[in-house]
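Structures incoming, each one as structure tokens.
In what comes next, subunit A is part of two complexes: it sits with subunit B in the first one and with subunit C in the second one.
Presenting the complex of A and B:
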């Protein structure tokens, strides 16, 4: 079986990123750090990406690192370098589409980086474990620039019966209230004609969106 | 109706009616026509200063009297629209209650019949909300790569809602983006509004 190096680049790119090489170097230097602590660092790096609180006692990652630094008498800078390296490995692994990351090849690449077997196991469990979909989802949806989008959309359909200028009117009156993610609350009236245009255009957009999958040029992006 | 639909303002328009009755008929017809075209439009003056000066010369009346006359004619149109009055009743009202000259009354009623639909339409659709949706623009983009992920295929709809501030007539552009699920949710809400509109109209 041909070595995967001949047909696939390692997940971390063409050259070892400095962050990771520093991390490995520090790991070698700080061999007083027990594996349990390393395990904790690995799970913290996962939490870092997921942006959750590291533990129920809600101590931030920095506090945990300071605790390790004191307990195992390793400088905080070294711990930060190691932690940073772990997070970087995860980010790089999550970058290509999910199907590209094969289990064995991933482990092989990590061996090339000179991580210990236990650490490799730890990374592998994170990337192919229970939170796999969540991780990929977050990387794609959260970590990109986004225009404001609608948080909530309320509407009022009233009927105008009489006005100051007309004693018998009977006109429908449509009000929208948009709450957008940039904390704006927009209340505005929608003339019925514009509402019909809006509805038509939205339907058209949805149809175009469905057709995106079939477009020739985009077939190159099949993952 | 035994009392005129203009009874609320009859004292104001009395002097104007005297001026109207003394006007030349062709000129009166043109005047009424012009006023009928502009009645009900928001924030628009019916005659500019120059035009008012020309009218002063044409009618031989002072500017104040002309302004009053224009206001009275507009008021009469607005009252007719308010009550959605029938032409015959309007004619009787003008002649019997308001002492309108017969020919002038006929001219006025003629203009009312011709323009009633438009005037009412304009009054119906005039907005009093502070903002209203004046236009919608959209694009469909597809994200193909980003900093955190090397290969994606992500269709994104970007809407630009143009809101017009009724007071200042300024347009505010609100840009929002929707991914596929959000767009579906939005569309479903629009559909439910439409079904409500349909039940309302039947």
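Presenting the complex of A and C:
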């Protein structure tokens, strides 16, 4: 059975990132830290990525780290390095597409990084556990630079009967109102000619989207 | 309540009937007035347009206030 090192790079890249090597080094130094605390740190790093507020305990992650540092008499800097290393491992693991990360290869790579078996189990449970889809979703949707979204779109069709200058002009009048996620409300009038152009462009866009879906080059290569 | 910086220069209006709506249909047939007030600053540099859209009741309230103001002006004029 060929070693996976021959055909696949480890998930963390060509060289061990400094964050992770520092984390492992600190873990070895602070071996007074019980595994339960490590477990809590791992679940906190998952919550960090999901950006959940810890609703059960009403303390932020920094307060939990301060509590650990007091209870187990380890300096807060060491704890921060360890926590940072955990979050980094999770982020690197979530970087390749979901199908590329196989669980035994992932565990092997973690062993190469010199993490202990319990920690490897903990990481494995997070990445292949219940929150897996949610984690990938968050990385896809939230953690990249994006413009504000269109939240709601209302339109209003009126018929103009009279104006100040014309006394009998039966003319359609179309208004659009866009609400965006950054609380802007954009209201504008649309001449009927532009509205027909908008309809044409929407139909063209839908057709192009379907064509792009069919192109071979954009399909994901599943190993 | 005087605003010495801006003066009303133009008052343009448009009267329309609502035919269709993306929200619920209970607003069909409601009449609406679209006003555009143009103000200009005193030294004639800045023209600002103020577009408004008022329902009929709001417009009647506005006309009522304007007529009250006109009556007062006629007393002293």
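FYI, the second predicted complex is superposed on the first by the 212 of 223 C-alpha atoms of A that agree within 3 Å, B and C clash if a C-alpha of one lies under 4 Å from a C-alpha of the other, contacts with A are read in each partner's own complex, and residues count from 1 in each chain.
FYI, a contact is a pair of C-beta atoms (placed from the backbone, for glycine too) under 8 Å apart; a residue touches a chain by one contact, two chains touch by 3 or more.
It should be emphasised that the depicted structure is a prediction, and the values quoted were computed from it without experimental measurement.
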Per-residue contact with subunit A, leading partner among subunit C and subunit B: B
Partner chain(s) touched by A:91 [first = subunit B, second = subunit C, both, neither]: first
A:76 touches, of subunit B and subunit C: first, second, both or neither? neither
Contacts of A:185 with subunit B and subunit C, given as first, second, both or neither: neither
Contacts of A:212 with subunit B and subunit C, given as first, second, both or neither: first
First, second, both or neither for A:163, with subunit B first and subunit C second: both
Intersection of the subunit A residues that touch subunit B with those that touch subunit C: 153, 155, 157, 159-160, 163, 172
Residues of subunit C touching subunit A in the complex: 11-23, 32, 34
Touching residues on subunit B, where the partner in the complex is subunit A: 40, 78, 81-84, 120, 123-127, 129-136, 138, 140, 142-144, 146-155, 157-158, 161, 163, 174-178, 180, 182-184, 186-187, 189-191, 193-194, 196-197, 200-201
Interfacial residue positions of subunit A with respect to subunit B in the complex: 91, 94-97, 139-140, 143-144, 146-150, 153, 155, 157, 159-160, 163, 165-169, 171-172, 174-176, 178, 180, 184, 186-192, 194-195, 197-199, 201-203, 205-206, 208-209, 212-213, 218, 221-223
Residues of subunit A that touch subunit C when the two form their complex: 153-164, 172-173
